[in-house]
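Per-chain numbering from 1; labels A, B, C and D assigned in written order.
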Amino acid sequence: MAQPTIDHRGPDFAKLTLRIMDKLAPVFNTTSPILIFPASGTGAWESALLNTLSPGDKVLAFETGHFATLWKNIAEKLGLEVDWVTGDWRHGIDPGVVEEHLRADTQHQIKAVLAVHTETSTGATSRIKPIREAIDAANHPALYLVDTVSSLACSEYRHDDWGVDVTISGSQKGLMLPPGLCFNAVSEKALAANENSRFRHSYWCWKEMIAPNKNGYFPYTPGTNLLYGLDEALSMLHAEGMDCVIQRHARLAHATRLAVEGWGLEILCLNPEEYSNSLTAVVMPEGHDSDKLRQVILDRFNMSLGMGLGKVKGTVFRIGHLGDFNELMLAGSLAGVEMGLSLAGVPHRKGGVNAALGYLASL
Amino acid sequence: MAQPTIDHRGPDFAKLTLRIMDKLAPVFNTTSPILIFPASGTGAWESALLNTLSPGDKVLAFETGHFATLWKNIAEKLGLEVDWVTGDWRHGIDPGVVEEHLRADTQHQIKAVLAVHTETSTGATSRIKPIREAIDAANHPALYLVDTVSSLACSEYRHDDWGVDVTISGSQKGLMLPPGLCFNAVSEKALAANENSRFRHSYWCWKEMIAPNKNGYFPYTPGTNLLYGLDEALSMLHAEGMDCVIQRHARLAHATRLAVEGWGLEILCLNPEEYSNSLTAVVMPEGHDSDKLRQVILDRFNMSLGMGLGKVKGTVFRIGHLGDFNELMLAGSLAGVEMGLSLAGVPHRKGGVNAALGYLASL
Amino acid sequence: MAQPTIDHRGPDFAKLTLRIMDKLAPVFNTTSPILIFPASGTGAWESALLNTLSPGDKVLAFETGHFATLWKNIAEKLGLEVDWVTGDWRHGIDPGVVEEHLRADTQHQIKAVLAVHTETSTGATSRIKPIREAIDAANHPALYLVDTVSSLACSEYRHDDWGVDVTISGSQKGLMLPPGLCFNAVSEKALAANENSRFRHSYWCWKEMIAPNKNGYFPYTPGTNLLYGLDEALSMLHAEGMDCVIQRHARLAHATRLAVEGWGLEILCLNPEEYSNSLTAVVMPEGHDSDKLRQVILDRFNMSLGMGLGKVKGTVFRIGHLGDFNELMLAGSLAGVEMGLSLAGVPHRKGGVNAALGYLASL
Amino acid sequence: MAQPTIDHRGPDFAKLTLRIMDKLAPVFNTTSPILIFPASGTGAWESALLNTLSPGDKVLAFETGHFATLWKNIAEKLGLEVDWVTGDWRHGIDPGVVEEHLRADTQHQIKAVLAVHTETSTGATSRIKPIREAIDAANHPALYLVDTVSSLACSEYRHDDWGVDVTISGSQKGLMLPPGLCFNAVSEKALAANENSRFRHSYWCWKEMIAPNKNGYFPYTPGTNLLYGLDEALSMLHAEGMDCVIQRHARLAHATRLAVEGWGLEILCLNPEEYSNSLTAVVMPEGHDSDKLRQVILDRFNMSLGMGLGKVKGTVFRIGHLGDFNELMLAGSLAGVEMGLSLAGVPHRKGGVNAALGYLASL
């Protein structure tokens, strides 16, 4: 990314773009177009809605946590009607509830189902394939829009096989880059819906992006230097092998949960089938403030844990274990938490780190 | 920009943001809020329109070149009615025409005047202050929106003194960064208009940006690593002194024009008062293709000149002289053009480089 | 270090050199000249000998480990006669033995005492001040040459107060740089000895270095880009505070030893007064090969532990805890060792990491 | 070079070393060992002498300029007897004089002929092949030691074909790296001479370097990060093609000389067969100080021209055109000189830049 910025209308740039597209496809597991916007992940939410829907359309969405709520808020700001299924922030989306809601929508007023794959605020990973099956079981034509900002390249994800219509993602998590790029992978069905969309917008316009992309160009100035980084990051992922990358994340996530159990603390996500490969949110014991703990750990060990966001502010902290991350970096993180719990006077058992190491050394 | 990405919700990040804001203000010459979006410059056009206007509003805009036309197209895509004053791509905006149009609009249906300061496709720099005076002379309440993507930190610019309501800019020209950040500096009047805007959007929402910005935070993930670069680039500009930076650009631009005259070629911009500090567009002799010339120069000297965009494709090439650029880099560029003209068999006189050097050595 | 190489005969370079010299002095704790050679640490050994002694001179040296032996070998290659006090590689230099040898040298044939401060191969840190006192007690005029390659900026070191004549060091340990610079800090007495030295050499010549250094220049091309890095590294050290830097190393070293004890393994260094702040060498249980353990840890966790060097090859491994290193990085290292011991089937107790964390969290 | 320093005793490092060795061979055009020392070029002079000769040996050397004189001084400091052929600093070595001196040495007391290929202080390139032929014509067994610090990868050079015994070079010129690595390519005859050398030294010891090098290792800490850079720089050279690299340098050098002639100034090197591909030294008109000119150019255009060194201080300046350098960078340099001559009031004709461009555009 430190290389000089080259002319994005020149032939070398086109080669870069096409090379990136080839390497991105097996990360999303799709043969559909993948659009890359020079924007942070939030923009990809908006882009997915603006390009496939129209003002006043109804969408079905689920309160799995803070980011699902933010996405819902955006949908409402855009003038969509949101059928909002509230939740306890401790579970992913229940496929049965999806089916039920869609069956009840006999008029097919619901135009899209919005699902956050891994909810970054809670560490619950909704089951995208069973939700697809639920949509199919209800025989409902709604589009299926999935946010993979914090799951892509961390958990298994199959845009085509799972029948996703728009996959939303960003550069700064599993792709190991700084923020500044966001993605929409779009199915044929999404492109068809795009033809009828009546939203007014320009920056996020799929059509104007897809046409020049075919030749390696962009309709306006792209995020050139982040694209250099993306080229390199994708090579690193493929050198390790996408399956290995995902297994590594699964392994580190399991070790983290053993540490949390070892400390006698509670994992926010209650359904083991929905544990996340990317991060683990931990519930503080009653009467203890997670932000105080986080401050102690930042001051003493220069480690910035994820804060509790929204409803769980102060009651939850989050341990990230995604991206360019390995066993010993995790051991360092868990050691920081274990020492921090002690220094901050948070009741816990010793032995979390030990439990994690025991597991990692048993493989 | 190569430093690790830090937590954008942490205290060090807030300090960075506030430091940047302090250093940005004297670049725009404003005390108003300056919003920084993680997006390329195109996004700042859309943001300015979406935040101050409403669907169906009329705006007055001027065909000064390719980018003015692109902005107009965006306005139309958003559902605005554009009062489009056509032009010959060889002049900036005529303040007299602005006044005339506004005087004729006795109903004050025109809600905004859109002006591109330096038109990157033509090298004509519209006179922003006289246009302001024209608006005032017409006693018209329209907002004044100005695109400074390729002029900021190259030509004199005074957001406050010149009564601009929204200044639009980007990171990749005078600010010497890769693309990926864009700016809106917004007046009190623009903020008041924002209250009544009825567009549906979220990413570009000023209100949600301004509130956390006051404390150094952002409503969603910012372009962290580009912000590190912005911090450094602003320090470099202020170390040189904004006045010196602008004089340097003026000097290099003047030398470039002397070279073009030395070659016996024509400068696209016909009005000397509107010559640009940032770039110079040169008209090819009849019957010669600028893209062929550009290809010769790229192949032989690894220099990528700006292509003729839109209406002037093939008939114009552009010499950039902005950003981190000095006398000897300019000499290299001009030498590449002079040799390229010869190699491509384009009729010209020798002596362009000499004329430029003679001027630069006379100061 | 990624900045362009500047002219080392120009004024900006002179300022850089003088700034570095100011910041180096409190790292060596000296007001004497500090010479910087573009070479790795080995060169600074040779330089110290060549500049102060003459062929056939006798020196007193101590077999504290691999690097002391290498230095002795160099002395012999240069034609010096080495009075070599053998050792068990588990202790530093005994000041009593120094005194005894010097007292016995009634003719003052010994021209220099060679001491390695921290022996990188064993993790034993000889006590430089008591050795100085031993030399004084023997009333002996020998020069005192001390190698601080792996101790400088990790352990307390006082060139002036401890009466050292030549301090030898390098860039790649406590100074946190790549290898490529080495140092000689030289006392008045060493400079006087230099006048009578009869060795034939040029690159290492002190006189030709000291004269231009006073004005910020070098007699031949210096290691320009490493000097940029040194400038920055010294600023980092002073920002933390030299005392804090050394306390941090002491803290991490103590935690490491608690881990080793927790595993039920033996620390190579037998004298607690001589434990090193920079690294800890650990003895393998009988019948287990340290290189096999190291390979397991490299393969599984991508961590390269120090190998057993020379006499202790296969029987010892080394844990480094120096330079840009903190509590959580140490926790990662110790976790890698603990898991590696398990994976490689090396008999040990669990709980080493726990013991280290317990200590670090108790401070 | 910005990558983390890796363990130079590990397997990845060995692969790096062997890869570098493969790519270095066609740069020196040799199948003999090439030794890489972590030191600046000066060290490679000393290494060549120390490893092949013995105190009191006689060498034949030629005063072609400042660096030849420095090398002679080193030889004298080492205790060698130098048969010093004085010169006017405007020519390379005369092969006829070489032959004459060697023929006169009927006792074969001369053990080595020292030749600087491109004398950096004068821009004269001695003809290495004809000198070899002169040695052969005299039927003299002297070793042939050649300094290519500023010619390697700029001018044609053939270690094996031209019968050179030790080729001396450095990293910071044609190899486009920062200073900090130096080279000795050594013939079989040089290795045989090494067996009988009686100098006392260690850092520069060939034997201890060659043995581990075969497996990709070094006897002491190498310049790790510069080696990463060397790996990349060699790939760049081979991607362009060594012949193309040398032709590019020849082309830029020719253009430079046309500029000097265009200004009506004198090239220091008087023999066109000895013009250098790497740099051109220019004689100031009588009564004008080159350092004053250089200061004007540095102040006004931030370009640091080479100063006149030693005997030609103040009367000569040097234009470098080597390494990562192309037509437009040269045009910038020449423009800086032409404007500087004018600003400093140095009598000259205009048109130097023009002459250079005319030539470059004619190819």
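In this text, a residue touches a chain if its C-beta (ideal position, glycine included) is under 8 Å from a C-beta of that chain, and two chains touch if they have at least 3 such contacts.
Keep in mind it's a predicted model, so treat the numbers as computed, not measured.
Engineer: Taking each chain's centre as the mean of its Cα atoms, which chain lies farthest from subunit B?
Structural biologist: Here the answer is chain C, farthest from subunit B.
Engineer: Rounded to the nearest whole Å, what is the centre-to-centre distance of subunit A and subunit B, using the mean of the C-alpha atoms as each centre?
Structural biologist: Computed from C-alpha means, the inter-chain centre distance equals 35 Å.
Engineer: Calculate how many whole Å lie between the centre of subunit B and the centre of subunit D, each centre taken as the average of the chain's C-alpha atoms.
Structural biologist: About 48 Å, centre to centre.
Engineer: With centres defined as the mean C-alpha position, give me the subunit B-subunit C separation in Å.
Structural biologist: Between these chains, centre-to-centre, one finds 56 Å.
Engineer: Would you please write down the residue numbers of subunit C that are in contact with two or more other chains?
Structural biologist: In subunit C, residues 2 touch at least two other chains, as defined above.
Engineer: Can you tell me, using the touch rule above, whether these chains form a line, ring, star, complete graph or other shape?
Structural biologist: Graph shape, chains as nodes and touching pairs as edges: a ring.
Engineer: Could you list each pair of chains that touch one another?
Structural biologist: By the stated definition, chains touch in these pairs: A-B, A-C, B-D, C-D.
Engineer: Using the touch rule from the top, collect the residues of subunit D that touch subunit C in their complex.
Structural biologist: 1-2, 5-7, 9-10, 37-43, 46, 55, 73-74, 77-79, 170, 172, 178-180, 199-203, 205, 220-226, 298, 304, 307
Engineer: Please name which positions on subunit B make contact with subunit D in the complex.
Structural biologist: 2, 300-303, 326-329, 331-336, 338-340, 342-343, 350-351, 353-354, 357-358, 360-361
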